[in-house]
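Here subunit A shows up in two complexes: once beside subunit B, once beside subunit C.
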Partner chain A sequence: MKWLRGLVLPVLLLATWELLTRYHLVNVRLLVEPGRVVATFLRELREGELLSQLGASLARDLGGATLGSAAGILVGTAMGTSRFYDRLLGSSFHAAKQVAIFAWIPLMSVWLGTGEPAKVVFIALSAFYPVVLNTFEGIRSVGSQYVEVARVFRFTRLQVFRRVILPGAAPSILAGIQVALVYSWLATIGAEYLLAAGPGIGNLMIDGRESFQMDKVLVGVVLVGAVGASISALASAIGAWQLRWRVTSA
Partner chain B sequence: MTQAQLVNGLEEAAPSSVVAAGRRNLSGALHGLRRQALGAYLPLLALGLWALAADRHWAPPQILPAPRLVAQTLGELISSGELLQHVGISLARVAGGFLLGGALGLVLGTAMGLSRRVEQYVHPLFHALNQVPVLGWLPLAMMVFGIGESLKVVIIAQASLVPIAINVFEGIRRVPRQYVEVARVFEFSRAQYLRKVVFPATVPSLFVGLRYGLTLAWLSLVTVELLASSEGLGFLIVWGRQLFQLDLVLAAIVSIGVVGLLLDQGLAWLEARLLHWRPKASWGGAKAGAQ
Partner chain C sequence: MATPGIIEIIDVKKQYTVDGENLQVLGGLNLSIQPGEFLSVVGVSGCGKSTLLRLLIGLDADYEGEIRVGGALVRGTSLERGIVFQDHRLFPWLTVRENVGLGLTNSSWSDAEKQKAVQEHIELVGLAGFEGAYPHQLSGGMAQRAAIARGLVNRPSILLLDEPFGALDALTRSNLQQELQRIWQTEKISMVLVTHDVDEAVILGDRVVVLHARPGRIERVVEIDVPHPRDRDNPQLKRLADEVREAIVGPHN
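What follows is the complex of A and B.
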């Protein structure tokens, strides 16, 4: 019954919240009743607006994450397998990585506009960094003895890559994609805040703030958290499934 | 002068009396230099293309300012002291929020790490709240705290609290068993056990949390400043964007990168300084033993 202890604080918090708002101990315009948040959630869900907003956010998140991961695997592989590309791209990559990523948004808005392309490119950029790093390190950490065995068996370069390097680097690449999924969700929310209106959870929250509807904002907070948690859960499930062939002690 | 010409020139410049071994060393060093220089090709190429594009007016200067203009703007921002002022404001916000969030995170992480009871009560809620990224709280925080200084401090505090609390918590839980056993053999008191075993063993993990927390704090601050601020580096970007002065935007982006790098490197330096007492060999051995 020890897990019940975990419920104590949330229940206390909810009860305080309910009491504060029911007896008007705080400004109810600022802090709405918990019941109203649920009501708003159900209403928005019924009217279909919430689902379409969520759909729009998820679509651009998925688009950006896919684009960024694909580019990341490509660049990371180039840097990991060839010292030439590592030296050519490495320092530029690490320099660009230093900039807090949201700082690029105003610049992107000049070059790409404030519509969907700018958002997707920005989300892709956020997914790109961790995938490059993890692909690179994954490839570099493949044991040279495996490559030597492959040479003994006279594998072609393509075979070495497909049969030895890629499977060896896969766990690291997948770990990179997991990080990328978390980052790209963060980037999706940020891009929706900073780039002009359009459908999306981030816009729902910004609108809610501007029209002073805290119930809307709180629905957004819960949704952002729920989607984020589902994405990480899904990512680790896929990771575990993909790597099921691995000997667990390795 | 191209790279190859430069290298050839240097080689010709070496006096012929240099002994063969020395010559080999020199050419080895040059070879290394040449390999290092490869990293400069891409930025130089991009810079050249950028300068050419701006020079030929392939895009209007409001969209693509000349690199010289960006450098000039950066120089003016520095010499007028304006950049330093914005950097100072941003850094003061980070310092305030990071100290607050770091202290709270340290307390929370330590409490959860040392006591199963605290963990059972607090961790589920903490974990649930963590599912919402910092930026997810931003509109809510803007409603509650307004868009003034307190908003920035609160957001940064939250950004740094979470990774620090998690890493301290996990660091305490992962104190190697053999240390705990040695402490038991020596019949350490609780206070001795904490002071001599638990806390020193948690420091590396604490630094992982600090570095991650500071990176996240800087990222969050820039975002908050982009959304709601009238000072600071993020504001400088928004300001330049509104005036269509992309040279200002680019100069601010470069500054954000430099400050971010310095913050992270500063913590890394501090970590190296603070942990230099650590007997490396025995530590490495313990780590290897634990794995």
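What follows is the complex of A and C.
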């Protein structure tokens, strides 16, 4: 019954929202009644292209996140296993990391334009950083005591990498991917906002704002939150299953 | 099956440079270990006993002198020489069965033979029923048993043990000493045990080598001429333990 406790706050918020709008305690042109938001949602679902817009956003998110994570794992592994690559890439990498992700937009829109490629690259960038950092840290932190055991059993270098380093670094890498999934969903909406128009939830919200249809905007907000929460939950579940060998207490 | 050979340590010296100064960890060690023998090595901290094991296992090649097994020079690690560390070093992401099987990764045996060997050794160390457990689910004593099984599974001709029970409580330690004695009698391979526990050294070893520190040299070798299995309360063992203690405290220290 503990999960009921988790519902108290959302229910209270929903009730407050309903009360505020029903008794016109706020300007209902700005804060639309929950009932109307639901009606708009259902209407958009039926006649509008809500599903295809959601699909477009998710596809962009998936593409960018996969690209960024894969690149992150490659670069993180190179830096973590080879002193050469660490020295080569390390300082430029750490310097670039300081640049806030949205600051890349002007540069990218000049280099890549504002269409789909630019959006996907932007999303990939947001996924890239957490994955590289966590992969690098994870690989570095695999204890030399395990590598010594592998040496006693005459493991080849490839065996040491596949059977000792990778499994040892896996918790860190997975944590990086979980963060990357959260960041990339945020970056997806950001990209839709800041770059050119195209199918997606971000565009639904822009349309709503420009034609002053706040119900549309609110539908977008709720959807963005719901998808974000689902992605996080999925990522956590995958992480928990993969790492069932771990002691969960610190 | 491994063919046992004599292990010869010939005039082995090792030094570390710390802050510009030379620390002579081992200063000319000479020792022979007979096939099937149980050798205990004791000494105060810093006498080089753990260093000696690292040289024997082949993890460290930076020393002067020679180490030979069956006449051949030791170069690097080998499946003929196994080791149990003080921290069990079981891979946390593998089950007990998978951990024990690690020793057979690069052996040429068939899968059926490997499975049989793994199961036999899990039973030998008394862990039957825990094959599917992960290391974090095991107590310290159980984890060390698994580490011993892992060290023995590919039938090396010698097993080195570096203070294997040092991190365990007294009761578990006492229990595992009996177990190790039983395992050694069953497997009949050479074992070299490094320990700071004199009673442990005496109840298990055929000979006890006392090392003294800086530089590490053999102070004395005490023969334990008591038949196995040995009883902790044997007065002869108590006398020999006192003899070993005297040698540790001894004239040079």
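In the analysis below, the second predicted complex is superposed on the first by the 216 of 250 C-alpha atoms of A that agree within 3 Å, B and C clash if a C-alpha of one lies under 4 Å from a C-alpha of the other, contacts with A are read in each partner's own complex, and residues count from 1 in each chain.
Convention: a residue touches a chain if its C-beta (ideal position, glycine included) is under 8 Å from a C-beta of that chain, and two chains touch if they have at least 3 such contacts.
Being a predicted model, the structure only gives us computed values, none of them experimental.
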First (subunit B), second (subunit C), both or neither touched by A:194: first
Partner chain in contact with A:30 - subunit B first, subunit C second, else both or neither: first
Partner chain(s) touched by A:149 [first = subunit B, second = subunit C, both, neither]: second
Partner chain(s) touched by A:20 [first = subunit B, second = subunit C, both, neither]: neither
Partner chain(s) touched by A:87 [first = subunit B, second = subunit C, both, neither]: first
Comparing the two partners subunit B and subunit C, which touches a greater set of residues in subunit A: B
Touched partner set for A:229, first subunit B, second subunit C, both or neither: first
Interfacial residue positions of subunit A with respect to subunit B in the complex: 2-3, 5-10, 13, 30, 83-84, 87-92, 95-96, 98-107, 109-111, 185-186, 189-190, 193-194, 205-206, 208-209, 212, 214, 217-218, 220-222, 224-226, 228-229
Contact footprint of subunit A on subunit C as seen in their complex: 57-59, 77-79, 81-83, 85, 87, 89, 91-94, 102-103, 105-106, 134-136, 154
For the subunit A and subunit C complex, residues of the former touching the latter: 145-146, 148-149, 151-155, 159, 163-164, 167-168, 170, 244-247
Residue numbers on subunit B that touch subunit A, as the complex places them: 35-36, 38-43, 46, 62-63, 117, 120-125, 128-129, 131-133, 135-140, 142-144, 218-219, 222-223, 226-227, 233-234, 237-238, 240-241, 244, 246, 249-250, 252-254, 256-258, 260-261
